[in-house]
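Each chain gets a letter, A, B, C, D, E and F, in the order it is written, and its residues are counted from 1.
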Amino acid sequence: MISGADTAFILISAALVLLMTPGLALFYAGMVRGKNVLGTILQSFIMISVISIEWVYIGYSMAFGPDVAGFVGDLSFFALNGVTSAPSSEYATTIPQTVFMIYQCMFAIITPALITGAIAERMRFGPFLIFSLAWAIVVYNPVCHWVWGSGGWLGARGVLDFAGGLVVHLTSGMAALAAVIVLGPRKGLGRESFIPHSLPMTLLGTGLLWFGWFGFNGGSALAADGIAAGAFVATHLAGMAGMAMWTLVEWIHYKRPTTLGAASGAIAGLATVTPAAGFITPNAAIIIGLIAGFCCYTAVSFKNKIGFDDSLDVVGIHGVGGIIGTICLGIFASKAVNSGGADGLLAGNAAFLGTQIFGVAVVGAYAFIASIILLKITDIICRGLRVKEEDEILGLDQSSHSETAYNM
Amino acid sequence: MISGADTAFILISAALVLLMTPGLALFYAGMVRGKNVLGTILQSFIMISVISIEWVYIGYSMAFGPDVAGFVGDLSFFALNGVTSAPSSEYATTIPQTVFMIYQCMFAIITPALITGAIAERMRFGPFLIFSLAWAIVVYNPVCHWVWGSGGWLGARGVLDFAGGLVVHLTSGMAALAAVIVLGPRKGLGRESFIPHSLPMTLLGTGLLWFGWFGFNGGSALAADGIAAGAFVATHLAGMAGMAMWTLVEWIHYKRPTTLGAASGAIAGLATVTPAAGFITPNAAIIIGLIAGFCCYTAVSFKNKIGFDDSLDVVGIHGVGGIIGTICLGIFASKAVNSGGADGLLAGNAAFLGTQIFGVAVVGAYAFIASIILLKITDIICRGLRVKEEDEILGLDQSSHSETAYNM
Amino acid sequence: MISGADTAFILISAALVLLMTPGLALFYAGMVRGKNVLGTILQSFIMISVISIEWVYIGYSMAFGPDVAGFVGDLSFFALNGVTSAPSSEYATTIPQTVFMIYQCMFAIITPALITGAIAERMRFGPFLIFSLAWAIVVYNPVCHWVWGSGGWLGARGVLDFAGGLVVHLTSGMAALAAVIVLGPRKGLGRESFIPHSLPMTLLGTGLLWFGWFGFNGGSALAADGIAAGAFVATHLAGMAGMAMWTLVEWIHYKRPTTLGAASGAIAGLATVTPAAGFITPNAAIIIGLIAGFCCYTAVSFKNKIGFDDSLDVVGIHGVGGIIGTICLGIFASKAVNSGGADGLLAGNAAFLGTQIFGVAVVGAYAFIASIILLKITDIICRGLRVKEEDEILGLDQSSHSETAYNM
Amino acid sequence: MKKIEAIIKPFKLDNVKEALNELGIKGMTLTEVKGYGRQKGHKEIYRGAEYIVDFIPKVKLELIVAADQVDKVVEIIRQAALTGKIGDGKIFVLPVEQVIRVRTGETGPEAI
Amino acid sequence: MKKIEAIIKPFKLDNVKEALNELGIKGMTLTEVKGYGRQKGHKEIYRGAEYIVDFIPKVKLELIVAADQVDKVVEIIRQAALTGKIGDGKIFVLPVEQVIRVRTGETGPEAI
Amino acid sequence: MKKIEAIIKPFKLDNVKEALNELGIKGMTLTEVKGYGRQKGHKEIYRGAEYIVDFIPKVKLELIVAADQVDKVVEIIRQAALTGKIGDGKIFVLPVEQVIRVRTGETGPEAI
């Protein structure tokens, strides 16, 4: 039966998750150079169009339609056929199915938007659209079905992912890794300074992301109940712990706590706790946040050493965060917190940890390989993924969009 | 009886709609030149004061007070007399009347704020306050009563407007048209480049507006139910379709998809679906969004050709959007979606389309004529609507507010 | 029993209050000079980490744990021990206690963040962290317990504070006063122009704060009911009235209405109505907003005359607002509005006004004295509270954080 | 060759540019500067505090021209920049010893 | 007439402006520039990567003065801009051949 | 002493700076400017309206050098700034009469 409270909660949560995409656009755009601001923003915004269309016509059905062999949903929900204000019989049974559909749509949008941080300042707009559309179909929808779909094979094997550590963060992190490898570094890497053009913009983005994340993780309970509350609390605590840890490590390492470090740590903590949020205690969330702050910092520093041009650290934050978070869930999960979840290592169930690692391996490998292939195909079809060298020097805003971000 | 869920939903929706006014301020301010940023922002913000006061003392009563001849509410709710936490017997009967009152207040605020896009960079602050106050009383309150008020004559004739295609977008679009005619173009139009001073600010505004629009349209169901869900979904889909279409047309037309185009298309889609959101299917919403993107693009291009200085395209986006959306509702409305709505042309009821066109004609004509008259009167009373030429050159920020937006 | 609607409402309200901290960061950062933007932003953001940790381990327990002699909660809720998704028996009995805990956490975070406006552009980061942590323990938690804790002595004497006029605004205002005295003015005060570096940023912050304030005051009803609605309405009306009044006074005084004035008046109105929001009529809220706009304007002008360097006017707005609002509640409170409240002077109960004044005196004196002492101790421990003169000239961003806000 | 530096009101820039264009001047360099002079600054108000801002936004044009063109160019700029009100700006002429075009290595008048 | 170009530390600007004012200097033009010199740049940190920023914000003042005023003006600027620490800046004197006031068309010393 | 003013493409700045560094040039001053020249501006599009932006971002370097160094420095800058494409910029050489170091009061070549 439909609950007004749950409906209200998930509708507002959907709005919050939608807001994360502009938030992400600003978070990323603040970090690029002044000549690539709009190009970066648009890559995120346009995902709202590309993915929403895809989602309405096939994505929702592939992810949550009637199961086909555990691998994908069939297309019986094409164009939202049968998706009405009656609840689904399988998902979120206390809210209209339209609410569930649109809430999930917001997740599908932000996932490829996350990838744009890795390709920033050099990828052509058209090929990116084609790639992201193909990626949604080939990577996002199936993985979403495996993990969250009724009948999905990973879910059936017991893999848990509360709000998208595998489905959102790991897939986008692996796609980012693939994109960095295929695209190669920005011109001038190592010689020029790629200093953020506006950190206040990045911090504004961080604030909006944090705010939206309450809808992302809290709403993933799909009801306004104690699980939602637990996920909400865990989200906040991991975010703050990640921020604390990154800042601290930086302070020790470089004698300076930085604002970008605080923002990065916060996002690391928030991303990392995502798969675990509804299944763990507040104290475990704090520990996960601390681990996230430390590991993502290390990953990003490591990247800097090897000259790997993941422009805005999608691999180091979302990829690593997705892995750590999913594995940490294998350690900290507790049925005492959420009877619908599992017991993890600390509750004496090492097997579940294994299950989670298996989930990471499968999703990570699949997302990486599929992304590489899709990028290569896109490269061939579009005759090149990167903008011309002179356009890269000129900046995407002018060369790809005939605009200038600021005219003060 | 009062429903906690509906109360929570509408309160949060009211907060979302309030946020649209700062969102709009940024959306507009990003598009003006650096010397008019604060003047533009303040015109929107100050509407919160001017209209809220007006609303509490007479506006709410004129719009939703006991009907007088179908034309306007009487003043028995003066100063919120009798507006308590008990539900109204006629509107939103599951929430405190205070909630309904404040939710509607947010609509009344943003409507005149929308007009400021047309008068940007040249209107005096004082006369604008006087005009907007008079306009709220003479245009907004009556039209709101006609369409939404119990006993309002247009509503009684069957005209439908889910969340303000007529009441908000058409009235403000027509006022904008009037203002552009009365005020005349900005100095230098056609010779100087009126390039947006900060597109990231406009995109931030777009994000906040989109987010807020879920409260605007979703909340207009006045309950956290399936209608709200349908309106929420339609809003999102029309927004994304409008963004897709505008970007696409631009891409074909100018070989460049632009960020401002994406933002403009999104707002066009969101505005256009407003009257229809709760009465149509998701597929209809997508079509409406596509039509909006195309028609508003065309309208704006046309404006550029005729040298009509609607600075930030209020007519082309909100005026045109309000008209198209209201008429499209006449085509796509379906009782299967919302039994409280109507069947439109496609459901075999051509009469309803006629009714909608009638609504557009009446509201459009009334808003336009009344706006012209009010502007002329304000002009006489205040001895001029425009700032002095030298002040226009200097910019509103310095000449009208003794401030500078940026001091880096 | 747990209500889904109340749970949804308070969770979303908690998210709204969290958003106020980034909102405040931007509100403040817009007003500082370009070289102190990030330092200012970080001081607010980092409170999310510092205070959340403190809150989880001891703060919540000190504030809302079992009462010890009316003065403070004991530590039996250490590390959220016993704080589960079951409701508390004493607070917010219709929502999970975790929800109440995290909602209150957001208040604890923003309170010391408010202080940063007074110390802007000159305090060292490390000592500020130490001070704020100590201050949370010594000032915030006890005062919170006195006023809102079950058994708290001020609450027991009948002192009312709906959403934090005493607990949040007065305490932070007094701490600000102490900090201004102890730290001394910024180098160059009176000679150089401390002109805001980006007013659009401040206005964006204002918008986010206003939006979040609906969660702050509305949510303080701890249920989605008529009281929440009343608080929501009062909040909006006081904010708009404060904005109207400040702008008007400035217009008369300086012949110019300013954007910063509008923002300041709005915040003054919102802060001032905070203690009263759920206990008064809409008309009283408007009067309170008008008083706030006038008094805070006067306080700030007075500060300018005496050369007191409360950089961003925490004393003049939050301190004065907290005092006025709490006292106004003594005048305007009405049991007809909220039977759980009190009758004030206008309802014939002068005693309650006395009680409120007593509350102001006690909390104000305690917060001021304790803040002075804590600052002095921090000064000694850290060997100085202020950055070196050359670092102040260089700016906090570079000297304390090795970053630059803008690199266009 | 001479260098002409003209400090003008920003909103006159388009005018000046067009006038120079008509004269066949093909190159110039523009800098946003702030001017201090007889034209009084303005008052700004921030929370009841008044600040005098006495540096006013101006635009500085720099052009290298052949010596024999100086008078004509100066006059054209003056006319195009003129409003007749205080603060219209100044034009300075400085000697230049050499000009080199980076792209071609040309020097002297050809390089302009 | 001479052109004095002084590159100074930004926070000394008010000081210099006042000193010049007292001397009766009524006009000048200011540009925000970045300096590179003996004063070392600073390190910035972005996500664990260190960048050396070796261009330091400076302010460039340009004043045209009568030839006989040059020494006095230079000395005044020097004193007002002095901190004694590295990076205090430089003052250059260049010859000027002509000055024109846009508003009036005056030329030469009157135009300053 | 001479003043060299070089207007170059912004992305060549690092290159030029390094080249000058190698030559032992220790000081220079940089300004963000906008150039107008043979290099055509670009088109911008805002809601279906096209604008021609014909001022292109450039960087202006100013260096004071001893007279005997001018040719070498000019050549180094030219090489380091060269892309061979239109818009590479110009280098101007102007006479300087005096240089003063604010910090020490040194004048002439020592002060550079």
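The rule is simple: contacts are C-beta pairs under 8 Å (C-beta built on N, C-alpha and C of every residue); 3 or more make two chains touch, one makes a residue touch a chain.
Here the structure is a predicted model, which is why all the values come from computation and not from measurement.
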Between chain E and chain F, the fewest steps along chains that touch one another: 1
Which of B-C and A-E has more C-beta contact pairs: B-C
Angle of the C-alpha superposing rotation, chain A to chain B, to the nearest 5 degrees: 120
Chain E against chain D, contact positions shared by both copies (same if over half, else different): different
Reference interface C-D: repeating pair among A-F, B-D or A-E with over half of contacts shared: A-E
Chain C and chain E: spacing of chain centres that average the CA atoms, whole Å: 45
Averaged-CA centre spacing for the pair chain C and chain A, given as whole angstrom: 34
Distance between the centres, which are taken as Cα means, of chain D and chain A, whole angstrom: 51
For chain D paired with chain F, centre-to-centre distance based on mean C-alpha positions, whole Å: 18
Shared interface positions of chain C, touching two or more other chains: 3-5, 8, 12, 195-196, 198, 204, 208, 254, 256, 258, 260, 401-404, 406
Two or more partner chains touched - positions in chain E: 31, 44-46, 53, 94-95
Full enumeration of touching chain pairs: A-B, A-C, A-E, A-F, B-C, B-D, B-F, C-D, C-E, D-E, D-F, E-F
Touching residues on chain A, where the partner in the complex is chain E: 193, 195-196, 250, 253-254, 256, 258, 260-261, 264, 297, 300-301, 304, 313
Chain C partner contacts - residues on chain E that touch it in the complex: 11, 14, 42-46, 53
Of all residues in chain A, those that touch chain C in their complex: 3-6, 8-9, 12, 16, 33-34, 195-200, 203-204, 206-208, 210-211, 214-215, 218, 223-230, 232-233, 236-237, 239-241, 243-244, 247, 254, 256-260, 262-263, 266, 282-283, 286, 406
List of chain A residues in touch with chain F within their complex: 188, 191-192, 393, 398, 401-404
Chain B partner contacts - residues on chain A that touch it in the complex: 2-5, 7-8, 11-12, 14-15, 18-19, 21-23, 25-26, 29, 37-39, 41-42, 45-46, 48-50, 52-53, 56, 79-80, 84-86, 95-96, 98-99, 101-102, 105, 125, 198, 201, 204, 208, 397, 400-408
